[in-house]
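Got a structure for you, questions after.
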Amino acid sequence: MKIAFIGLGNMGAPMALNLLKAGHALNVFDLNAQAVQSLVAAGASAATSPKAASTDAELVITMLPAAAHVKAVLTGEEGILAGIAKNVTIVDSSTIDPASVKAFAELANQNGNTFVDAPVSGGTGGAAAGTLTFMVGGSAQVYEQVKPVLTSMGKNIVHCGDTSTGQVAKICNNLVLGITMAGVSEAMALGVALGIDPKVLGGIINTSTGRCWSSDTYNPFPGVIETAPSTRGYTGGFGTDLMLKDLGLATDAAKLARQPVYLGALAQQLYQTMSTKGAGKLDFSAVIKLYRNDGDA
Amino acid sequence: MKIAFIGLGNMGAPMALNLLKAGHALNVFDLNAQAVQSLVAAGASAATSPKAASTDAELVITMLPAAAHVKAVLTGEEGILAGIAKNVTIVDSSTIDPASVKAFAELANQNGNTFVDAPVSGGTGGAAAGTLTFMVGGSAQVYEQVKPVLTSMGKNIVHCGDTSTGQVAKICNNLVLGITMAGVSEAMALGVALGIDPKVLGGIINTSTGRCWSSDTYNPFPGVIETAPSTRGYTGGFGTDLMLKDLGLATDAAKLARQPVYLGALAQQLYQTMSTKGAGKLDFSAVIKLYRNDGDA
Amino acid sequence: MKIAFIGLGNMGAPMALNLLKAGHALNVFDLNAQAVQSLVAAGASAATSPKAASTDAELVITMLPAAAHVKAVLTGEEGILAGIAKNVTIVDSSTIDPASVKAFAELANQNGNTFVDAPVSGGTGGAAAGTLTFMVGGSAQVYEQVKPVLTSMGKNIVHCGDTSTGQVAKICNNLVLGITMAGVSEAMALGVALGIDPKVLGGIINTSTGRCWSSDTYNPFPGVIETAPSTRGYTGGFGTDLMLKDLGLATDAAKLARQPVYLGALAQQLYQTMSTKGAGKLDFSAVIKLYRNDGDA
Amino acid sequence: MKIAFIGLGNMGAPMALNLLKAGHALNVFDLNAQAVQSLVAAGASAATSPKAASTDAELVITMLPAAAHVKAVLTGEEGILAGIAKNVTIVDSSTIDPASVKAFAELANQNGNTFVDAPVSGGTGGAAAGTLTFMVGGSAQVYEQVKPVLTSMGKNIVHCGDTSTGQVAKICNNLVLGITMAGVSEAMALGVALGIDPKVLGGIINTSTGRCWSSDTYNPFPGVIETAPSTRGYTGGFGTDLMLKDLGLATDAAKLARQPVYLGALAQQLYQTMSTKGAGKLDFSAVIKLYRNDGDA
């Protein structure tokens, strides 16, 4: 299949590589020449603009940092909509707000194209291994159409409903994640301050009603889970500033939907404090530092 | 074994029955004559006071609503310490604050006795079925001593560490639980307001990083989990006022330990609002009503 | 002076009337023909577009609901920048986010014009009476230039600093206001629940360190302040949805500035809950209903 | 008048001195011998116990750190109730929870005495100058009876209502204070981050609807108010740990009264974080440090 791939960052580059490995022909674009060069070395063609990349494409995939980038790449003079053929589908795997997805889908529709939101979870590790989860928003028909291609990059391709529900799913999951991580942090910090061993407390929570991914897989207290970022100084993993971005998307979407998000808005302030104090690059589980008097954050 | 059992409420009565079934001789006390009568009908002896119940006992077990009751039953003129023989152990399965446990253990110690905290999880269903989890705070030696008896009432008997760490474990687990339930509530309410199907959203969270007991076993959105209280009008289950009690113990313990508990304190206000508005008897997952404009709470 | 006035809503219309009274020549525009007609009846000329209104103007004033409207009125094909003469100043009295102000000022500057933010406080009452406070962001020179005109509409014309600081001042003041009103609400509700007379409690707070406008002028407990909206069923005053808009501007600005706003974000959820439950049109002091079991909200 | 005065700490000692100056005969007690010595040097008699101090007294005044101390001093074997004559009134100026006041009043009543709560505001400065505010809970009759004596120590003697309403008034005022200070902190930090001058912002808030004591008298941003602790490194003033104590009393009282206190509970966590990080002795306005990246707290 001839695929245009726009956006070759930490996530996009390994995703594009997996498409090449699966035998697809790729026409790639990125502002970073070095990123383009790596993909060309692996067999892709370099395009001079999103428009040029899209001209012959049978499918267009975008993977960009924020809605403003998607808008520019889509609607600019040298953008996708200026080059793409009628009836070709655009799959956007960026994590952006649902309202923007609806606006972009409308623009694509007016151009004779379908815009599908398909944000991912699984991080750079999942992108490299081809084990991402894709949360797809669009009709059942277009879901069936894009699923085989997405399967080259991920192992779970979930149909979430109509346009923008892929973003809704991702945002709501990460809202829960941001809250549970801060919640587990305060419970672990409290328990240890009250004299219980952190591994014992983790073990009890993990087999009881407090059980959650933030405790049993990614526990923020150092040493409780050997493979968690907390055990290696909060390096690697999912950065505080990325969690902050996703909680920002959640609270913005809540504002538009006129829904209260008490704990989400509060958790956002906790991660914001970490970022303000200079810890934005640490794994988001470092939020436990706010609860402990261990000399930093 | 001759056991004194004080406190035959919704939890204590079925626990005592399981001890009888296991062949223990029970001397029971409760202010509620009818509760005592039921146990006597099942083979227990009725005592006229905690003191009388404890006089011949080889083990004393208490299961009471709050620390004030434990204090009265323990230290009153007709209390346990006035009757119990030296070296007999007292197991308190009430859920109370760790500071009170330490005070009671000190009093017991001065009397020549050991006081073990062993709060439970599993609810009235687990109490009836004998499948409770006991979180035991005390020395390794006393844990080994009481474990065989507790096994007649529960299936997981966990040693949490020294005196009071059983309560610490329970309080910290329920702190996480109270937070995750409110967090899942706001994410489910937000997602549905943004147009995603609640079962689809629940399914994604349950296989992703937002995964938690409050979502995959007890999801607050009606219809997502067939067996959850939300699907039967928030009846049965774990009442809002009970969650409020446990979050109160957590925030009180945090105050004494000088630990911040941002999300726990906020979750407490949400459950308090439910209770203030008259919904204290509903299952605690009814907190989702605060987020939805469905005509009540 | 020949002034173009764009936006004749609840605030804009009385402001424009005061300019007419002061002897200025007004060229007005609004999408609402009836609003235009009222101003024409008072002596203004009707323009067919913002561009037409601005063509001969010596000063342009805009008073619009949100940044999107300001953008459209400024940059549209029939917008202000398409008609305005070089060196003419644009005063925007809308309440919008500081980042948009900076963007609009840049666009105006490229067009040879100065864009001044001058949001107001004082409500529709102050607009009618000509007693508004204007918070002006711009150079000292442009502040001196626009001050005489603004004096026809307000009694305090405050220079806040460079471009956008007028909005910053307004947003930060209303952030404090939204917090203090909710704070006074919970203290009044708590005090009354604990048995103190609301007037006595209000009196003590108003002469002590809790003293604030939300207590001494606008107390949310009915009957404490005779002239407050709380004493007339929370009608009139400053609507919950307007407070919600301003807290949204504050938390959005905080997100961009990477600043935590713990209490502001929480207060936003409280007003959001009021709005979600159908009370968005009530005065914002009705937030006290969340704290009381009086049968509504 | 013969007065027993129990508790000669930072507040009690200057209050007792003012009673001596007013011509009363004082019989004082404190565990700290040096504090007693200072009062004796000023003309007081030293008693060997609260009981001894109270035996001949026509009025008993207590000024102690917490409810536990009041209980001990009142009900101990060598306590006030063991020595006091029938019909003599006890005035407690400690800041404690309303529920304890009611319990103490009941005990006093059984002993033939009246217990009046009369907590103060005004700090050590007001205690020395005799300008304290007394918030008095008790009958109108007993208020009239104690007012002349309290006037020797304070300038505002406010009758708040029945027993315990003095504490309710103080707690509710300080609840508002703790919230407004944190709210002003986040607004000032946000405004400055957005580019406005702190003095300009303070000036606008102080003449607008955000006006409050925490901004116009005690602004937490250094340099805005010359006489505020913020301008002298957050020294002097009202310590963070004292604010934490009062917010703890407020949230505890709210728990008993089954009232939500969203902002109060959150503000408590902010001051707790300050204390946990080692800043408990700084003035409570130092909470602004949580919002700024200035290298500490």
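The first chain written gets the first letter, and so on, giving A, B, C and D; residue counts start at 1 in each chain.
One rule holds for everything that comes next: contacts are C-beta pairs under 8 Å (C-beta built on N, C-alpha and C of every residue); 3 or more make two chains touch, one makes a residue touch a chain.
Per UniProt, the chains are A, B, C, D = 3-hydroxyisobutyrate dehydrogenase.
The structure displayed is predicted, hence computed values, not measured ones.
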{"item": "Chain pair with more C-beta contacts, A-C versus B-C", "value": "A-C"}
{"item": "Whole-Å gap separating chain C and chain D, where each centre is the average of the chain's CA atoms", "value": "39"}
{"item": "Between chain C and chain B, distance of the C-alpha-averaged centres to the nearest whole Å", "value": "51"}
{"item": "CA centroid of chain A to CA centroid of chain C, Å", "value": "37"}
{"item": "Multi-chain contact residues (two or more partners), chain C", "value": "254, 258-262, 266, 270, 273, 276, 290-291"}
{"item": "Chain-level touch network, classified as line, ring, star, complete or other", "value": "complete"}
{"item": "Parts of chain D lying in touch with chain B, wherever the complex brings them together", "value": "248, 251-252, 254-255, 258-262, 265-266, 268-270, 272-273, 275-276"}
{"item": "Contact footprint of chain D on chain A as seen in their complex", "value": "266, 273, 276-278, 290-293"}
{"item": "Complex interface listing, chain A residues touching chain B", "value": "98, 121, 133, 135, 156, 158-162, 164-165, 168-169, 172-177, 179-180, 182-184, 186-191, 193-197, 200-201, 203-205, 207-215, 218, 250, 253-254, 257-264, 266-267, 270, 290-291"}
